[in-house]
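Naming follows writing order (A, B, C and D), and every chain is counted from residue 1.
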C-alpha cells in the first residue's frame, strides 16, 4: 500500500485526493496546503491527515510519494524537496514558466533516483491513448499528419492570464505534449497568435492560436487553440496515416440526440470542463504513477517531456511574436 | 430507343417524364392527361407530343411503353388496356384498393406477355438497395429482424384520407413491399392502429400504426408509421442478421452540422418529401424498367408483388380493427 | 451514515458493494453469502464484516438497509424478512417468476412501512433518464411511439435458460419496466417469439422476440429483443413525440473512429456487458435508494412496478405461445 | 436560351456538356477539341455540333458563351480570344501557372465587358455553400478559425506532377479559393511541404502540405493537404465562429452503416473522385454562370479571385521552399 501526500488542496488536489482514496493500491496519507482550512477539509473527506506546513511533508515518514498540485511557481521547489527526501513525485504541469529554472531542476534531479512523473494527463485519456496505441499497432500505417483541436469553454480572467506565462505555456502546453506523444522530437515550429478578446489582448497575451510543428521525418502536427468555445470544452484529435485515419471526438454526458423541426440528430454540449472531460485520464494517470512506483520503473511523461513541451511553448511564443518560424533542430 | 408515354401529368408524372427525357435509352414520346392543359405543359418542357385522350395512347404506334401515373381507380383499366395493346407497363402503386379487382386484373394479364412492373420505388433507393444487396452477399449472416421507420412530414387533408383506402393501403403499402423485399412471404400480421389526429380519426382512419409481420422462418419485421414527423420525412431501415446489423439513415440536403451553446453536431431536417428523398430511387427504378423492356426480361416488382403488398394492407387493416393477428399462411 | 448489508456476493453483489463503499453517505457494513468464502473475500476489499448466515443480517443491529442480490427464488423470502425486521430494502430484479408469489409478498409488505425499492437499474441510466426527463419537460410534445432495442451480446447457456422463467421474465423484464416508465399502464400486449438458437429452442424458450404494447392513450411501445448481438450489448431507445424525437444510442469505451479503404467513421463494438454498460446506472440507482431512505421518502421503482413488469412478462409469454394478443385492461 | 460551346472534350468537358444539355435555359451548341474524334463523340450524345478547329468557336455566330476546359496552358489564349469576340466565358482552374501571364491577361480583359467567371466549383458545393451562407447570416457569430481538410484519393503520376505547377498551384489552388471565400484577403502565408511519395519527391514536388493563412482581422485558415487518402476523396471544412461552429463532412454514395464484431456504425468510403463528389457543385456553378450571363450581372469567382488564389499558391510554394512565412500585405 503506497502512502501518498497531496500538496495543494485546490481543484486539481481534490481530483487527485479522490483518485488516490479510491485506488486499491494506495492510501491518501496526508493533505498539505498552507492556506486556511483547505487541507483539513479535503483530508477529512477521506480520513487522511492534514497540515498547513508543506515542508513537513518531505520529512514525513508516513509518506512514500507526493502529488504536487501547488501553484506553478512552487512546482520546482516542491519537486526538488520531495525527490531529494526520497519521495516519488507526480508533478502537475507546467513544471515552470522559465526554461532556465527547469534545466537547473533537471540537473539537480539527475543526482536522485526516485520516480518522477509529470501530469500531462491527456496521454492517459482512453480515446487519445487508443488512437496512439492503434497507430503503434500499425492500424493506419505510418503517421503523416496530426490535427489537435483544443478549445476551452471560456476565457480565464485577465488577472489569471497575466501570471499564466501566456497561452502557449499555460494552455497549449498540453497540446505540445500530445504532439510530442505522437511525433516525437519537433524540429520546427510556426505559430499564428490571435486576439479576439480585448481584455486578454490588453493583458499582453493571445486568446487563440494556430501552431504547426514538424518532426525530422516531415510529419506535421497542427494545433488549433481558442480560449473560448460556445459548445463547451472542445477536445479532438485526428491522426492521418499512410493507410487510414483515426479520430477521437468530444465526449458528452449522455448519448441523447434530439430531432425536431429545426435540428436533427442534435447532441448536447461537450463535457465541460477538464475535471469532467479528463476524469478518466486523471484516474488512469495516477494508476500509471502508482504502478511505476510499486514496480520501480521509470514513469512517463518524464522531466524531459516536461522540458520539451516547455521548449515548444517558448518557440511558439517567439514565432507568434516575431512572425518567423523557430527551428529546434 | 424506347418510346415511352406518360399517363397522368401530375406530381409523379413530372418525375417520370423528367427521368425518361434524361435517359440515354429512352424518349418521352407522349404525355396524356384528360384535364386541362396539364399534358401539353409537361410535354412542352421535353419536346414530347401530348393528348387529352388517354385511350389514344394505347393505339399509338409511336409508343412502346407506358408509365401509368393516373389516379388509383384508373390504374387497372389503364394497365389492362396498355398491356393488351402490347405496350410494356410501369404502373404506380397501389395497383388498386380492392383485392377482388386486382385478382381479376392478374387473371386478365395472365394471357399477355408484355413486361409489367409496379412502382415500389423504395426497392431502388441506393441505401435500402445496398442493405438488401449486402444481406444477400452474406455480410450480416441470416436475417433475424427488420425494422422500418417510415413517417411522413405532415398529415394529408382529411378529404384525401377518406378516399385513400386507409393508412395501410395508402402509406404502409410501401413498407409492406419493403418487408416482403427482405422477408419474402409473410405468414402472420399484427397491427396497432393509433389516432393522434382528430380529423383523421373522424375520417375513419388511423394516423399512426405499428405493424409486426412474421415469415415462415420466424423472421420478424416491424413497421413504425406516423402521418406526421416534425423533423421531416423520416425513412430509416435496420436489418439485423446473425453476424451483424445494417442501418440506412435519413438523408439531408447537406452534410452541415452546427455546434453551439445549445446543441452540438446538429444536422438539418430530413429531405422532405418523397420526390426529393426518393429522386434517385425513381430514376433507378425507371432505368430498371427500361433495361428489362429492352432486354426482354421480366421486371420486378411484379403484379404478384403488388398483390401481396395489398394483401398485407388488408390484413393489417383487419388486425388493427379487430385487435387480432391475421394469419396468411 | 447509512449502514448497508449486501446479500449475495456474486457479480451484482460486487457492483453494489463497490458503489456503497464509494458513497459518501453510506457504509458497507456487512456482506452475507452462504457459499464458501465469497462473502469474506468481498467484505475484505472494503473493510466490511461478513457472514455465511444470511438470516443473521435481518437481526443485525448494525444494519439499516439491505441490498438483495441473492438468486431469484430467494428474493421474496429475503425481502420479507428484511422488511419485517425494519430494514430498508433494495431488491434485484425479477422479484420472482410467479405472479402468485409476488402478490402474496405485496400483501405481506402492505403491513410494513420501510422503504422498498426494486432494481430496474435502466431507469437510472443517464441517457435513458435524460430522454425521460426531456419528454417530461415537453421537449418533444406528447409521446406517440417508443422503440426499445435490447440485445444481449451472446446467449446464456441452456442450463440457465431452463430455470430463467423464459426470455420475457428474465431478459425483457427490464424492457417492460422501461416501457412502463414511459407509457405508464399497458392495456394490450402482443408478442412474436423467435427461435434461431437450437439449444434454447430445445430448452423450451425463445431466443429473440418482438413485443408491442399499447397504453390507454394509444401510445405504442415496441421491444426488439435478441439473446445475441455480434456488435455487443445493444441498448438503444427512441421516443417519438408530437413535436420531436429523442434517441439514446449505444456506448463505447472510447470515441475513436477509424477510416480506411474498407470503412469510414467506424466505431468500436458497444460496451459489453451490463456491468459495464450500466455502471453509472447502478451507481445512480443506489444513490437514489440511499437518498430515499435518508429522506424517508418512498423510492421507485416500487413493488407495484415490479409486479406490473412481471405481469407484462406473463402476458407476452402467453401471447407468444398462443399467437393472440393479451388484454390487460 | 443561351447557346454554349464547350472547348475541350476531356473529363471536365463531359461534365459541363451534360450539365448544359440538362439546363432548361441553355443549349449545348458546339463542342470543340483538336484531338481525334473526342469532340464529335461528345457532341453526338447531346445532339450538338462539333469541330476540331477551336478557333472557329470564337467566330461562331451560334455561340453566346464558352466553357473552357482545355489544358491549363491554353486557358488564357482561349479566354482572351473568346472574351474579345464578345462571348461570355466560364474558365476552368487554374487560370495559368505563372502570375505574369495572368496579370497580362487581366489587363487585356479590362477592355472587354463580357461576363468572365472562373471554375472554383467548391464555392457551389451545397454543404460548403451552406456553411458560408450560415456564417453570413450570423449563425456562428464572427469567424475566428477555418479548417480545410482536402485529400485526394491517390497520387497522380509523376509525369503529371512535373507539368502541374506543383501541389500548391494544382491541388491547393481550390483550397486557397475556399480560404479566400471565407476569410477574404490574406496577409500572411506559412506552408510546410511534406514528402511521403518518392516519385513525387524526385519530380521535385511535395505530396502533402499544411498551409496556414491569416487575414488582416487575425482570422486563421489551415489547409491540410495530401495527394493520397485511403478512405477516398477527403473533403471537409470546419468554420469556428465566436458563438458556434459549422462542419461540412464527407459524402458517401449511401447512408448505410455496418455493425458487427469488429466495427460499429461503419460507413462506406467517401465519394471518389471530384466528378462524383462535386457533381452538384459543377451543376450549380454552371447555373450561376448562365444566370449571370442572362441577367447581365458580373459572375464570381472573377478573374481577380483566380489571380489571388494563384498568388497564394506562389506564396505557399515560396514558404514551403524557404521555410519562411510570406507576407502579402
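Side notes on the structure shown:
By definition in this document, a contact is a pair of C-beta atoms (placed from the backbone, for glycine too) under 8 Å apart; a residue touches a chain by one contact, two chains touch by 3 or more.
These numbers were taken from a predicted model, which means no experiment stands behind them.
The greatest centre-to-centre gap from chain C, using C-alpha centroids, is found for D.
In terms of C-beta pairs in contact, B-D outnumbers the other of B-D and C-D. Taking each chain's centre as the average of its CA atoms, chain C and chain D sit 57 Å apart. Rounded to whole angstrom units, the spacing between the C-alpha centres of chain B and chain D is 39. Multi-chain contact residues of chain D (touching two or more other chains): 230-231, 243-245, 250, 258-261, 265. Across the interface of their complex, chain D is touched by residues 230-232, 250, 252, 258-270 of chain C. Partner chain B is touched in their complex by these residues of chain C: 142, 144-145, 147, 149, 151, 188, 190, 192, 194-196, 208, 210, 212, 214, 218-220, 222, 224, 226, 228-231, 234, 240, 242-245, 323-325.
Chain B meets chain D in the complex at residues 22, 24, 45, 126-127, 130-131, 134, 139-140, 243-251, 253-261, 265.
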